[in-house]
Amino acid sequence: MTAQQFLALAPILSLSLTVIVLMTQTSIRRNPHLAWWITAVGLLITLWCAEYASGFTQQVTPLFKVDLWGLWFSALLVFAALVSLMLARDAFPAEGHRKEEFYLLLLLATLGAVVLAQACHIASLLLGMELMGIALYAMIAFPKDGSLPLEAAIKYLVLSACASAMLLFGFALVYAATGDLSYAGIGAKVGAAYVQNPVLVMTGSAMVLAGVSFKLSLAPFHMWTPDVYQGAPTTVTSFLATLSKGAMFIALTRFVIDGQLYHYPALLNALAALAMASMLIGNWLALRQTQIKRLLAYSSTAHIGYLLVILISLPQLAEGSQLAPLGRAAVSYYLAAYIVTTLAALSVVHMIGGEDDTDLDAYRGLFWRHPVQAATLSVAMLSLAGIPLTAGFIAKFYVIALSYDAQLWWLLGTLVVGSAIGIYYYLRVIFSMASAAQVTSSAGESQRGWRNPLAILLLLMVLGLGTLPQAFIDLASQF
Amino acid sequence: MSNAIGLVPLLPLLSSLLLMIFGARMTRPMITLLGVGSVGAAALATAALAMEFMANPQPIEITLWTWMKVANLTSGVAFYVDGLTLVMMSVITGVGFLIHLFSSEFMHQDASYARYFAYLNMFVCAMLVLVLADNLLLLYLGWEGVGVCSYLLVGFWYTDRANGRAARKAFIVTRIGDTAMALGLLLLFTELGTLDIQSMVGAANAKWQVGDSLPTLACLLLLAGAAGKSAQLPLHTWLPDAMAGPTPVSALIHAATMVTAGVYLIARTHGLFLLSPTAMTTVAIVGIATSLLAAVTALMQSDIKRILAYSTISQIGYMFLALGVGAWTAGIFHLMTHAFFKALLFLGSGAIIHCLHHEHNIFKMGGLRSRMPVTFWSFMIGSAALAALPMTSGFFSKDQILLQAYQQASIGPWLWLAGLLGALLTAVYSFRLVFIVFFGNAKTEPDREIGWAMAIPLTILCALSMVGGYFALPLAQVFPTASADHPAHWVEIVSIGVPLVGLAIAYGLYLGRQLSAPSWTTGVTGQALREFWFSGWGIDRLYDGLLVRPYDRLAALFSSEPVDRFYSAIVDVNQTLHQWLSSTQSGRMRWYIASMVFGLIALLGIAFNIAPGAL
Amino acid sequence: MAMISLVLILLVGGVIAALSERLSSNAPRWVALATIALTLGYLLAVMATMDDLQRLQASTPSDPATWLMHFKSPWIPAFGINLEMALDGISLLMVLLTLFLGAVAVSASWTDVDQHQGFFEANLLWTLAGVLGVFMAVDLLLFFVFWEVMLIPMYFMIAIWGHENRAYAAMKFFIFTQASGLLMLVATLGLVAAHREATGVFSFSYFDLLHTPMSETTAHWLMLGFFIAFVVKLPGFPFHTWLPDAHTQAPTAGSVILAGILLKTGAYGLIRFAVPLFPTAAIEFAPIALFLGVAGILYGAVLAFAQTDFKRLVAYSSVSHMGFILLGVYALNELALQGALMQMIAHGFSTAALFMIAGALQERLHSRDMRQMGGLWQAMPRMGAVAMFFVVASLGLPGLGNFVAEFLVLLGVFQVDRWIAVIAALGLITGAVYSLMLMQRAFHGEPNPRFENLQLNDFGAREMFTMAAMIVALVALGLYPQPILDTTQSSVLGLVEWIAQGVAQ
Amino acid sequence: MQELAVPLNHVLLVSSLLFCIGMLGLMMRRNIIFILMSLEVMLNASALAFIAAGAHWGQPDGQIMFMLILSVAAAEVAVGLGLVLQVQRRFKTLDMDNANRMRG
C-alpha cells in the first residue's frame, strides 16, 4: 500500500485511532467526560479526514473503493454519530462509570458503518456490517435496568445473525457461480455465470437481498424494527435508525450498481415487491401507533421503501434520460434528508422521554412548554411526510421524478398511496404537541442547555436542505 | 324632468336605507314623515313626469350607468318610460302612498314601526325598478327585489312560526317561477343577443316567424315567471298564505302592485307573445282556469283576507285572460281598476281587523254597517266594483275583457262563457262577504271607528273605484290597437246582466234567505266537495305530497352524507389493515423469524418468476 | 421583487405577531392588522408607480411581458425551478380579496380566540402569505410549494383553536388536500418530463410549460391530476366531504379564511393551470366537469337544507356555490369565466360574513345547533338584519354580487349546454330553500327560552364595521361590477383565445 | 482450475440442507441456547458453501471468508452468551417466547 492509499483511508484510520486512544485512556483512568471529549474530537477529526481524503480517491486494496460518494457518506454517517454522541452525553446516569464503553462501542459501530459505506468487496462488507452489528447488540443492551433493552438486544442479535447468515449464504452462492468476491468482479462475471447456472445466481442474489432487507427493515423483514427501536435506549435508536440504515443502503446501492444485478428483471421485480410491501405495510403499521419510537420504526420501513424506488429506477434510466446523472444525487439527497430528519425527531424524543419510549400523550402541549423543540419535531414530521420547504419534500420530489421517468407506474401509485396514509400519523404527532396538556409535568424532560441549539441546528438543516437544495445538488453532482 | 326619473325609485330607497340604519333611534313622527313622505314625494314626481309625458308622449330612455358589460352582454341600469310604465308608476306610487298613509295608523302600535316602513319603502323602490327597467335583467332585479320584500313583509311578525312558513312559501313558490323566467332570459339572450326589451322584440320579430317553436318556448318560460309572481295556476298557492302579513301589505303587495307584475311582464313583452299564438292561448287558458278555480274557492272561505286573496287570484286570472286574447289595453286597464278597488277592499278589511281585535273570521262578524259606516261604504263600493256592477270602474274593464275574449279566434266563445261564469261567482262571493260582515246581528263589537289616516285613503280609493273606469290610459302607442268591430249586442247585454244575477243570488242566499242551498250540498258528497273547494282544490296537499315531503325525505336521506361513507370506508380499510398488521407484531421472535423465512421464500419465488413481477 | 416582498411582509409580520404576545393579548391582533394594512398599502403603492397599468387591456397567458408584473430568479437551477411570480388581473383581484378577507378574519378573531393569540395571528398571516404565493406563483413547483405550505398554518388554526371535533376535522382537511396535492405533484413532474422530452429543456415555468406538446393520453392523465387537486380544494362533488367538517370545527377566523380564500385557490388553479395547460383535454373533459358542477350545486343545496348545525349549513351552501364556479370554468367562454371569477369574490364576502355570524352566535350561545336558536332577531336585531342581508345575498338576490356571478355563469353555460344550465338553475330554488330555512331557524320564530340565562349582546361597533364593509362590497359588486369585470377581462379573453388556439392546433 | 473431488453442487446442497436445518431450529426452538446453536449452524452452512466455492474456483478467497465468518460467529456468540446470562438473571427463564413485552 502506498502513502496515497493510506491517506485515502484517512477516515477509517482516524476512527480506528480514536478507538485505540479511547481504550488506552480508559485503561489508564476512567473518566467519562474525558472519554466523551476524546470521542467527539475523534469524530470531528474524522469529519475533517473525510474532506481531506477527497483528494486521494482511488481503489485501496480490493476491499475499499474510496470515492467522493463514499467519503461524503462517511462524513454524513460520522455527523449522525456525533449527534448520537451529543444525545448520549447525559444518558445512562445509572451506568455512569461504564460510559466509556458506550462511547467505545459507538465509535466501533461508526467505524463499521464507514467501512460499509466504502466497501466494494464482500469481505469488507461482512467486516463492516458485523463490526457495526455486534457493537450495536451491546449498545442496545447497555442500560443496566429494565428488561426492554435486553429483550430488544437479544431479538436484534438473533434476527440480525439470521439475516447475516442468509446474506452470507447468498454471497457464497454468488461466489460459487462467479468466482469473484468484489462487486465489480461479480458484475463482470455474473452475466456468463447466469447463463451457466441461473439457479445459483438467482438464489444467491435473492438471499443477499433478504439479508440486506432485514438490515434495512424492509417488509416483510421489518418485524424486529419497532421492538428494537422501542427497547433500545433512544441514543442507540438514533444510531440504529440513521447510521445502520444509511450505511447498509449505500452498500446495497453499490452492490446493485457495481454488481450489475439490474440486468435481471426478476431481481428488479423482487426489489419492487419489497419496496411496495414496505411502503404499504410500514405506513399501515404506523397508522394508529401511539408509541413514538415504534411509530418512527414503522415510518423508517416506509421510507426505505421510497428510497428503494430510486434504486430501482436508476438502471431503468441508464439510457438517454437526463435524470440519470441525478440518480446518485437522489440517493445521496434522500439519505441525507432522511438521516437529518430522523436525528431531529429523535433528539426531541430523547429530550421528552429520555432513553425510554413514550406515548404521544407526553407530547401534549409541547408547543407551549418547549416551542423550539416542538417546532423541530413538527418540521421533522412534516419532512417525513414530504411537505414542501422541508428536506423530505425534495427527497420525495426526486423519487417521484425518477419513478415517473423510469415509468414505474405501480411503484409511483403505491408511493402516492403510502404517502397519503403517512400524512395521518405524522400529523397526529404534531396535533398532540399542539393540543392542550393534560398534565403539565415535565418530569422526564431533560432541559440541558445544549438541547435547544442542537434542535435549532437540526431544524435549520432540515429546512435548509428543503429550501436551498441547489447547494447540495451542486455538491452531489461531483460524485 | 326626464332626468329626474331616477328620483322616483331613489326617494323610497333612501328613505328605506335611512330607516334601516337610524330607524331604531328615530321618533315615530319622524319615521312616519320619512316613510310616508318619501312615497308621497315619489308620487308627486310621478305626477310631474306624467304631465310632461302627456304633453309630449314620446318614450323616454335614460341610462344611469352600465351595470355589466361582458362579451356580448351589455346591460345598463337604464330606465324606459312609456305609457304603460307611467300607468304602473302611478298605481305604485299613488295607491302606494295611500296605503302608506293607512299604515301609519294601522301599524302605529307596532314595536317594529321603523322596520315596517323600511321594508315597505324598499318594496316600492324595487317595484318601481321593475316597471322602469328597460332591459329584462334589470327588470329581473326589481322582480326578485319585490319578492324579497314580500318575503320580509309577509313574515313581518316573525315570532309566529306560521308567518315565517307563509313567507318562505311565498318566496320559494314564486322563485320557482322566477327560475323559469331566468331560463327564459338565458334563452332569449342566447338566441337574440340582447336583453334590452325594445331591441329584443325587434330582433325577435326579425329572426322568428309567427308560430316558431323558440318564441313559444321563451314565452312559456316568461309565462311561468309571470304565473309565479301573479299567483296563477299552478303557482298560485302562496298568495292565500301570504295574508299572514300586515293587512296594508296585502293591499299593496298582494293586491295592487306586486302580484300584477306578471301581467306587466307579459304586456311589456307582448311583442314576443304575438309571435306565438300557442303561448297566447296558454296565457288565456291559464288565466281563465285560475280565475274560475279561485272564485269557487273564494266562495268557500271564512277568513276575510283569504276571500280577498282568492278574489285577487281570480281577478288576475281575468287580466291574464285579457292578455291571452290580445286585449292588452283592457288587461292593463283592469290591472289599474283592480288596484283601486282591491286596495280599497283590503284596506277596508284591514280597518275591520284593526277595530275587531284582529278577528279574521267573517262568521264572527256581522252588523258592522252602522258601527263602521266609512268602512261599510268602502266595502260596498269596492265589492260593487269587484263584482263589476254597471258604472263602477270594474265594470268597464271587465266588460272590455269579456267582449274581446268573445272575439278570440279559436276558442273565444268558450273563454267568454267561462268568463261569465267567473263574473257570476265573483258577484256571489263578494256580496256574500258584504252581507255576512255588515248586515245581520253584531257578533263582535268593534272597539272604535277608524281615524283620519285610515279614513282618507279609503275615501280616495272609493272615489277612484267609482270613477276609475273613465280614465283614459296613454297606452295607444304601446300596444297594437284592438279590432274595432263589436260583437253582437246580446253578448254585451249578457255580460252586463250576469253580475246582477250574482248579486241577486247572494242576496237570496245570505241576506234575504229566500233561497236555500240545494239539498245535495249538505250531503256527504256536498260536504266533501265543500271541503275540497275550501282547501283550494287540494292543490296545497298535492304539492305537499309531490314536492315538499319528497324533498324533506331526500334531505333526511342525504343528511348522513352518503358520499362521505366512501371515504370512511377507505379509512376503515386502512384501520383494519393496521389492526391486522399490528397483531402480527406479536413480539415473539420465532414468529419474526418465520416472517423472514416467508420473505425469503417470496423473494426466491419472484427471482424464479413464480410470482408475477411488480414492474 | 415586489411580489416576493408581499409574501415576506406577511411572513415576517407573522413572526412579530407571535412574539408580540408577550406585550399584551391584544398586541398580536394589532400587529396582524398592521401587517395586512402594510401589505395592502405596499401593493397599492407599487401599483400606483406602475406606468403600464394598461397591460390589463392586453394580456396573453403565454407571454409574461403582457402581464402586470413578472419576476424571475433562479431557485433550483438543476431542475429548472425558479422563483417565478407574475401578476395579471385575475391574480390581482385574488390578492386584493385575500388581503381584505384577511383583515376581516383578524376582526373575527378579536374576541373569539382567547388563548395563544400570538401564535394564532401568526398562523393567520402565514396562511395569507401562502395564499398570496399561490395566487402569484407561475413556476409550477413554486406554486406547489405555496399550495402545500399554506395548509400547515391552516391546519394549526383548526387543530389548536377549533371546536369539539377539531382533531378529526383538521386531519381530514389536511389529508384530503395533501393526498390530492400529491397527485398534482406527480402530474406536474409528468408535465415537466413531457416538456423536457419534447424540448430538452428542464423547466417548471408556466410560460414554458404552456407550450408542451404531448400525446392526448398523457394530457388527459396529467390534466386529471391537476383537476383532482383543484377540485378537492374547490371543493367539487364528490370530493367535498372534508369541507363541512373543517368549516364547522374551525375557529371563526379560520372558517372565514377557509371559505373566503382557500377555496378560491382551487378555482384559481383550475383557471390558471388545469385548463390552459391542457386545452384539448380540458374541452374533452368539460362535460364531466360540468356534470360534477351541477351535481355539487344540487347535492350541496339538499344537504345544506338537511343540516341543523349553523356552520355546517353554510359549509354545504359553499359546496353548492362552488358548483357554479366549476360550471363557469368548464363552460370555457368569456361570460361563464367572468361569472366564475365574480362568484369567487362574491362568495368570499357572503360566506365569510355568514361564518362570522355563526361565530358570533357560537360565542354568545355556546352552540351552533339551530335547534337551540330561534327568535334571535328580537334580542339582536342588528345581527338579524345583517344575517338577513347575507342570506339573501347567498341565495342570489339580484343587485348583490352573487347574482351577477350566478347569472353570468348560467348565461355562459346555457350557450354550451342548455340542459346543464336548466338543472343548475334549480340551484336557485334549492338555494332559496336552505337559505330561508337558516333565517327561520336561527333568527325568526319564538325566542328560545334558553336565552333567558344568557347575555345576548348585539353586534358591537367592531363587528358592525366589518359587516358594513362586506355589505358595501357586495352591493358594489352587485350594482357596479364593471371595474372587477374590466380587471379580469383581458386575462379571461386571453384564456379563451388560448384554448381556441390550442384546440385549433 | 483443479476439479473438486466432490461436485460443487453436492457440497452446496449439503450446505443448503445445513442452512435449512439451522433455520428450522431457529423457528422451532424456544430455548435461547438452542437458538444460538441454530444460528451457528446457519453461519457454518454459509462458511461451508464459501469453502466449497473457493475450492471450486481454486482460490484462497473462500477460505478467507470462512475465517472471517468463523470470527464473526465467535463474536456474535460471545455477545449472545453474555446476553443469555442477563436473560437468565432477569427473566428467570431461557424460553424466548416469554420475551414479548413489546408488541403492536
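Going by the order they are written in, the chains are A, B, C and D; count residues from 1 in each one.
Methods note: a residue touches a chain if its C-beta (ideal position, glycine included) is under 8 Å from a C-beta of that chain, and two chains touch if they have at least 3 such contacts.
Small disclaimer: the values here were computed from a predicted structure and weren't measured.
Here B-D and A-C were compared by C-beta pairs in contact; the pair with more is A-C. Chain geometry summary: the mean Cα position of subunit B and that of subunit D are 94 Å apart. Taking each chain's centre as the average of its CA atoms, subunit A and subunit C sit 42 Å apart. The geometric centre of subunit C is 64 Å away from that of subunit D, both derived from CA atoms. Separating the centre of subunit B from that of subunit C, both taken as means of CA atoms, is a distance of 37 Å.
Across the assembly, subunit D contributes 23, 26, 35, 96, 99-104 as residues in contact with two or more other chains. Annotation for subunit B: residues touching 2 or more other chains are 582, 585, 587, 589, 593.
Contacts with at least two other chains are made by no residue of subunit C.
Chains touching one another, given as pairs, are A-B, A-C, A-D, B-C, B-D.
On the side of subunit C, the complex with subunit A involves touching residues 74-79, 116, 119, 141, 144-145, 148-149, 152, 155-156, 159-160, 167, 170-171, 174-175, 178-179, 182-183, 185-186, 189-190, 192-193, 196, 200, 202. Interface residues of subunit B, counted against subunit D in their complex, comprise 582, 585-590, 593-594, 597. Residues 237-238, 240-241, 244, 299, 302-303, 305-307, 333-335, 338, 375, 377-378, 381, 385, 388, 392, 397-399, 403-404, 407-408, 410-411, 414-415, 418, 421-422, 425-426, 428-429, 432-433, 436-437, 440, 443-447, 479-482, 485, 489 of subunit C touch subunit B in their complex. Of all residues in subunit B, those touching subunit C in their complex are 20, 24, 65-71, 73, 77, 115, 137, 140-141, 143-145, 148, 151-152, 155, 158-161, 164-165, 167-168, 171-172, 175-176, 178-179, 182-183, 186-187, 189-190, 551, 554-556, 558-559, 561, 563-564, 566-567. On subunit A, the positions that touch subunit D within their shared complex are 122-123, 126-127, 130, 134, 137-138, 141, 147-148, 150-155, 157-158, 161-162, 164-166, 168-169, 171-173, 175-176, 179, 181, 200, 226-227, 230-231, 289, 291, 294.
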